[in-house]
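A, B, C and D label the chains in the order they appear, each numbered from 1.
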Amino acid sequence: MDILYFAWVRERIGLPKERITTDAATVADLVAELIAREDRYAVAFSDLSALRVAVDQELTDFDAPLSGVREVAFFPPMTGG
Amino acid sequence: MDILYFAWVRERIGLPKERITTDAATVADLVAELIAREDRYAVAFSDLSALRVAVDQELTDFDAPLSGVREVAFFPPMTGG
Amino acid sequence: MRIVVQEAPFDLGAESDAFAAGRHDMGAVVTFTGVVRDVNDQLDVMEIEHYPGMTEKALTKIATEAMQRWSLGDVLVIHRFGRLAPGDRIMMVATAAPHRRDAFEAADFLMDYLKSRAPFWKKEHGKDGTSWVAAKDEDEDALSRW
Amino acid sequence: MRIVVQEAPFDLGAESDAFAAGRHDMGAVVTFTGVVRDVNDQLDVMEIEHYPGMTEKALTKIATEAMQRWSLGDVLVIHRFGRLAPGDRIMMVATAAPHRRDAFEAADFLMDYLKSRAPFWKKEHGKDGTSWVAAKDEDEDALSRW
């Protein structure tokens, strides 16, 4: 599964993209797994209310299931326009 | 005083502009004077609710006073834009 | 603020490009363009009559009121008169503002007032003869929004 | 419907001229242009990051919803990414409709959704260092209007 990071999430974690193997059932499970990994993840994910998540390029919630998913992206609220 | 007519008011009266001398105190008085003149005026002014009036190029009401006025215009509701 | 009343076509692209160009304090620009509409191929010519002198005054008054009611950097109004063909551009307004809400609302306001308070009248010359375009109640009612 | 995501500047004049040009059934065209704003000469560069792939999908989804909710003839969305200077045009939307209310509302809707639902992020590089532009509560709240 590809995990993508954008904006200050990318900067805090220190990379734009990584490929991981996970058994996480939901986005929240994946986040818990990442937080357990290293401090920079714990810092980036310390306040989930400040984050948004897209699964296979569709905006969704942290309780979204991950079965069959190819791409998960984490980023702050968008500021387009 | 110059009297101007636009759109179908101009067409019914048959001219775009005329100069008249009048002692009419208000627009309504002027309209009564014009109606009394000729049939084409009576036809054009038969339904005042379908008409608008501008005095010295400012939209106003039929009870507007005419003292010192140089120009009165009659026309249907505007359709700009 | 620029108010233009003319018979000749205007250059929408050039006007859009030039309006508020290079300003660093205006984050939002809205334009509205009105086009001669002919849905069923019935219309040959749209003839637009206006009241020279009063037209410029009325447009200036409407634009000035928009500048007073919203936080705007600039306003442009261009309105044509004379004989136009289907698809021809009749008029445009443009508003520039620091923020998008002001630019949108001011353009919307300008259009509502232009429709019912600027001395223009439209006559359609078509397959079925000629007729003056009647003002719509909904256009008059729209003024109560402001 | 046309959706463009690009780093290069776009030609607002040419786009405005070409959009819905020659259509006889669309009486109203609205454009919105977003410009890099720098009020107090504090900003050097506005850096815009986006999510390639999702960006195009999100913009297409928003434009499609606008086409479904309003009576529109066409919709255009252009959005840039990369490094922009104060006064540079960031993006534009255009809507064409038979009647002005649809064109205005659809453009307003597109902008509200673009602000909060299209995956762009802005970073300001200025005299006082760099900072990510925070999303505004009022922008999220604006979505409830629709």
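The working rule: a contact is a pair of C-beta atoms (placed from the backbone, for glycine too) under 8 Å apart; a residue touches a chain by one contact, two chains touch by 3 or more.
Computed from a predicted model, the values in this text were never measured in an experiment.
Q: Looking at C-alpha means, what's the farthest chain from chain C?
A: A
Q: Nearest whole angstrom, what separates the Cα centre of chain C from the Cα centre of chain D?
A: Centre separation, chain C to chain D: 23 Å.
Q: Counting only Cα atoms for the centres, state how far chain A is from chain B in Å.
A: Using C-alpha averages as centres, the distance is 72 Å.
Q: Using CA atom averages as chain centres, what separation in Å is found between chain B and chain D?
A: Measuring from centre to centre gives 48 Å for this pair.
Q: On chain B, where are the residues touching two or more other chains?
A: Residue numbers touching two or more other chains: 81.
Q: Taking each residue of chain C in turn, which ones touch at least two of the other chains?
A: Counting only residues that touch two or more other chains, chain C contributes 34, 100, 111.
Q: What are all the chain pairs that meet the touch criterion?
A: Contacting pairs: A-D, B-C, C-D.
Q: What does chain A use to touch chain D in their complex?
A: For chain A paired with chain D, touching residues are 4, 6-8, 10, 54, 57-59, 73, 75-81.
Q: Report the residues of chain D in contact with chain A in the complex, numbered from low to high.
A: The touching residues are 34, 49, 51, 53-54, 57-58, 79, 90-91, 111, 114-123, 132-135, 140.
Q: Once bound in the complex, which stretches of chain D touch chain C?
A: 12-14, 16-17, 20, 22-39, 41, 86-87, 98, 100, 103-104, 107-108, 111
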